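Both complexes shown next keep chain A, but they swap its partner, so chain B is in the first and chain C is in the second.
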Partner chain A sequence: MNRFSYHRAETLADAISHLRSNPAAAIIAGGTNLVDLMKYEVERPGELVDLTRLDELRGISETPDGGMRIGALVPNSDVAYDERIAKLYPLLTHAVLAGATPQLRNAATTGGNLNQRTRCYYFNDVATPCNKREPGSGCGAIGGVNRIHAILGASDQCIATHPSDMCVALSALDATVEVAGPDGERRISFREYHRLPGDEPQRDNTLRQGEIVVAVTLAGEASYFAENYTYLKLRDRLSYAFALVSVAAALQLDGGRIAAARLALGGVSHMPWRKPDAENALVGMAAGEETFTRAADILLAGAQPHEHNAFKVDLARRAIVRALTQAAAATPQSLSDKRIA
Partner chain B sequence: MSQARPGSAEIPIQITINGERRCVELQPWTTLLDLLRHDLALTGTKKGCDHGQCGACTVLIDGRRINSCLQLAVMQDGKAITTIEGIGQGSHLHPLQQAFIERDAFQCGYCTPGQICSGIALIEEGNAVTRDEIRELMSGNICRCGAYPNIVDAIQDVLVQRSGVIREAAE
Partner chain C sequence: MLKNDPHIGSPRNRVDGPAKVTGAATYAAEFAATDLGHGYIVESAIARGLIRSINVAAAEAAPGVIKVFTHENRPQTAWFTYKYRDQVGPPGSPFRPLYSEEIQYSGQPIALVVATSFDAARDAAALVIVEYAEKPHLTDLSIARKDAYKPPKKRLGIAPPPDPRGDAVKAFSEAPVSVSAEYAIAPEHHNPMEPHATTVIWEGDGKITVHDKTQGVQNSQAYVASVFGLSSDNVRVVAPYVGGGFGSGLRPQHQLFLAVMASLALERSVRVELTRQQMFGHVHRPETINAVALGADADGKLVSIQHHAVAATSQFEDHQENVVNWSGMLYHAPNVDLRYELAKLDIYSPGDMRAPGAPLGLFALESAMDELAIAAKIDPIELRLRNYTDHDENDGKVFTSKELRACYREGAERFGWNKRNARPCSMRDGRELIGWGMASGVWEAGMMKTAARGVFTADGRLELSCATSDIGTGTYTILSQIGAETLGLEMEQVTVKLADSTLPASPVQGGSWTAASAGSAVMAACQDLQAQLFKLARKIDGSPFADASDDDIAFVNGRILLRTNPAKSVLLAEALAASGEEKLEAEKSASPGLIGPMRYAAYTHSAVFAEVRIDAELGQIRVTRIVNAVAAGRILNPKTARSQIIGGVVWGIGMALHEETLTDHRLGRIMNHSLAEYHVPANADIYDIDVVFVEEHDDKASPIGVKGLGEIGIVGTAAAIANAIHHATGKRLRSLPITLDKLLAA
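On to the complex of A and B.
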């Protein structure tokens, strides 16, 4: 690890002011991703601003519209085992429990989950070129070993994927990210929070200099998806592995017809992958394989696999159909029995 | 407010380790794992991968199981840490330590302190009943010797003992 100075923030304003005045500063909370990256010297902050004493970033609370607000410092475990969240947004519960391990979930925070970096091998290896780590240095994954990489929304500079499970569910549930910064507070819709790599792959999200995630909120109406949902995660081993492909699927059914649908993919792009057209293609239709396959084809349209990850296109198509089938039948993927029913 | 510049004086923190209040001064880049093993000579907690992947470094921080290799020690100011040394020693073993012996739940033993800290937390958390659930919620602890079936046996034994105690108390 590089040498750095340490500042324990006493207030949110104090943290923002440190970030603003020192471009080499980074914020730390759970540390599970940042400390790891510092050990690899992928991240070399000049100063760490410790957010963990800021009580205003803690706690899970109910909102006036019947939704929930999750503070940025709330550990993943507390999200996973909150009974109110499990009742209103079980898709989120399932997605959080599909990621990492109990020890990591106890430390990793909600804000940190949003801001974690890609697990692309090349990003994590300072001996190789990476436009995300060092803009302009090139991309080791394009033409390299790219089995785990993106098939959608990538650029000629970066084919990394966003590694989160939680964010796939938050995207599907149309969550909102509350941030605070030098210019005050603002709210960002979840689909606008992360971004595609384009020609600035070093930017994972749309946060501005000095901004800090304060909370994530879920609208009351997103709880209408609490009956028919699933989070289906496909990976190289059955636990504690990042997704090759994951699907967050949620439906509102009116008899056998689909009244509303949400569909988001993880493991395939630089951000959770959603398309309104794919969801609109489900609305008003009878729940069934033909309809689900059509939605999968729309969501995967334009997929551009690389040398080692063409399998992801077929895997994703089948996973989407399977997930929508599970959601329609109200039989979400089991968290402990990993057989795919 | 705790602050340090690179190369400047160490930062003082107060930390409770296995019930004992300690005042230590450290550089901000010291991990909790290195503080325990190097500075405090509590070598029961093991360093495996040092990247949060193997679970050998698992300790309890304010009762929650955490990978100590990914925690900066300076951020633990005011917290209570329990390591394997604080769980049981010699003839005073925790029921899960006893179950590990009875079930032969280890071979080389390197992962065992982390497995036991993690298993104790799993039992306290109360989210696992079946073997599948125990396996899923012990996924953060790797055993290169492959003693997994016996580790699950040991944890299940203590879960059954506990539920027996709860049943007796209720009757």
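On to the complex of A and C.
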């Protein structure tokens, strides 16, 4: 861990100006990811700008359209145990609780969850090549140990995945990210927030220099998915492991027919993976395995596995079908009983 | 009342428990010292080659840095490699930190930055600039096994495979029922809660006190004295609390060398602790590939056993374990061919990990027995009973005791084995397939020469001491029980001091031998105190014991009393006071003797039963039930004993499903070097674990009838789970860990 200066931001404007004036500055809030990366020498910020005193980034509130707004500093555990969220957006509750551990969720923030870095082995080890950590150094995972890596939307520069569970649900729920920066505030649709690696794998998201995540908002109409949903996470042990494949599935049913559908995957790409075509293929159809399989095939079209992760393609297909089955039956995956319904 | 509440055999709480849970117990990295220097290790980024240059200028200029040690400026240490040997190391040239520019494995320590704080040292360590001249490396056992060889020198304490018996190849080819397959186990890295650390306290005048994370303080002491040319009087090594050993602390590790080196050179106290990531450049269970072929007659009686194993080792040492010998002693067979070979990789030397060798070999043997049971259409337990043997056929010795039949019987009963439908895929609960599998386990019941001291003082207290460690197993507690029971005291009246190199001699704590060895030594010392106290009690005026012999008296409630008339008694403290002495002292050693081990073979046994529930479509495996029935002689403390077995079972579940060190063979580097990516079972992975101790009387394995429990719990667990997975799904998985992708692909 390098030496760094520390600045406790007193106002949002103060934080933004520090970030803008010092390209070597990094934001710290919960620190559950950044501090680890600093210990590994993966991140070597010259300055830490601490946001934790900014009250305007706290709190979960209701919005005029019947939705919810979650401040960037709200801990994951507060999101998980907020009764309003559990009622309107139980998919989010489930996704949050599927991740990490109680201790980590107590410390980790909403903004931090969006901005956490990949858990790629090579990104985390400065003795190895990684285009995300050190652009131009190569991708160690391609041709290396890549069982946990991406099968969708990767590039020849980077096959890292985004590790979040929460973000998979936020993507499925079409959340909006509120950011504030030197040029004022703007709102980014969740699907536009993260990005694919392309030839700039060092960029995880579309934030501009000096911008800070202020809040995440969920639209009132996204609560129509509160009946038929599930978050199904498959991993190498029954708790406390990143997803090999995870599925956020949410349906609106009209009798036996699907009126609206949302489907997002985690653990398979540089960002939560969604395709409107896959969701459209569900709409108007009777809920059933054949329909679900077709949607899965569309969502997974173009998958490009590597040496060790080919299993993810078929696993994802099965997981999507199972998740949609759970959602349609209104039997979301239990978080305490690890048996998969 | 003629007897105390029995301490031995009762479920006593750990006497060191309160200190541990309140934080009062101090571990190696927690000892403070004035002007303590903090060392941080810089590791090699390549697997093999030379350091062309190492530039420490920036690091030395960093704030707080005291000195940076490299191979270029390290102080002189012993020249000959034999000086770096230790009590338990394998044949070869032990790794010598900072010895030269040569890189032998990725993660090798190549510099030590010493600074006034850990953070300053770590910051500066990142400023060390290294240029390498790389050489080709090999870390892939599947390639290196082509050059596997029989280790030319055997490792002390590890029996090489026995000579072949009969003609196993011919018998196999003629056998009406046979199975033959290869079974592989991934390398696993030691990750006890307490990472390795050493704090060296500079006492002045060349004297040091070393707080080392070790399972053998006297082994560390001898190593330090030998390597640095110190008189052993000047090196005291202590480790009163160890946050998990499991074999990782048997040999002196490089942080010990580096901390002592820096302390002596700087003439100040120095601490070196490894980060979790650095633990992966360290001791590990070697990757091992087993080929097993079994042949049986139509009744399932074995006619041929072949077990050939290849295990990875480093370029510089021939680490050896008992992987295959179990296959020649667990079952009867007239034709047996066992082979054990090593293959060299550019890695750090493997080391002992809980039951070294046994769960590797038994995963293969007990999987193969399951396959044979299916081929022969015989119940797996029945197959094992038909091949039961009452003597160790590798060397013809009779077992001191072997209640494995009772393990099968009681374990099966507890598990409900008789409700098992033998057909795979026949048991189901909703979407989940249910599988029941079983396996045998075996481990050595060793005993090593160990000394202990007992001091009885006028306040009626007993202090016991021995250089052995308590690595979390419960040694403090069982020694307290033995002392209290022998002298008729309360446990609170007994103090146990362990893990100080100045205490009576003990080997490292390992091999499951400590309870039997240190326990017997403590018993002997206490019996000597009994005799001394009785002698004194007879001498006091009006002693009720004037005509009494040893058989006539008992030690109860702090008194010696007459068995025929318990009202007649003498307080122990009274007997001592009458002598005018302030304390009585006895130092005794216990050893296995010469004749016993020549005539008898001593082993613990177990039968492990596993239930798995599997979502066959998604590959999720849950181990929902384990019954482990263990025959381990006398159980000193059912509570700590049960914990030992549970711990072993949990690790066995990890071995079966989770643990795997992943190496990028292009880089020759371990990639999942953190506990986020190197998976061990989480709480959610552990369901019911039921431990059964079957009655086993053994008067030969050790003077106190104890066989040891540290390792047997893990031994058969992975095989039982793999067998249960086959029963559930019809899929035979022969490569550990059994991850969901392997299950789906099978």
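In this text, the second predicted complex is superposed on the first by the 341 of 341 C-alpha atoms of A that agree within 3 Å, B and C clash if a C-alpha of one lies under 4 Å from a C-alpha of the other, contacts with A are read in each partner's own complex, and residues count from 1 in each chain.
Throughout what follows, contacts are C-beta pairs under 8 Å (C-beta built on N, C-alpha and C of every residue); 3 or more make two chains touch, one makes a residue touch a chain.
Predicted model only: the values in this text are computed from it and were never measured.
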| item | value |
| --- | --- |
| Touching partner for A:318 - first (chain B), second (chain C), both, neither | second |
| First, second, both or neither for A:104, with chain B first and chain C second | first |
| First (chain B), second (chain C), both or neither touched by A:240 | both |
| Partner chain(s) touched by A:50 [first = chain B, second = chain C, both, neither] | first |
| Partner chain(s) touched by A:3 [first = chain B, second = chain C, both, neither] | both |
| Contacts of A:119 with chain B and chain C, given as first, second, both or neither | second |
| Intersection of chain A interface sets (partners chain B, chain C) | 1-3, 39, 239-240 |
| Chain B-touching residues of chain A, taken from the complex the two chains share | 1-8, 10, 28, 31-32, 35-36, 38-39, 46, 48, 50, 52, 77, 81, 100-104, 106-107, 239-240, 335-337 |
| Touching residues (chain side chain C, partner chain A) in the complex | 43, 45, 63, 106, 119, 122-123, 126, 275, 277, 430-432, 613, 615, 617-620, 622, 657-658, 662-664, 666-667, 669, 671-674, 676-677, 679, 681-685, 739-741, 744-745 |
| Chain A - residues contacting chain C, complex | 1-3, 39-41, 44, 119, 121-122, 124-125, 127-128, 140, 143-145, 147-148, 234, 236-242, 244, 311, 314-315, 318-319, 322, 338-341 |
| Complex interface listing, chain B residues touching chain A | 1-8, 11, 27-29, 31, 50-52, 55, 58, 64-67, 70-72, 74-75, 77, 118, 121-122, 125, 127, 130, 132-133, 135-140 |
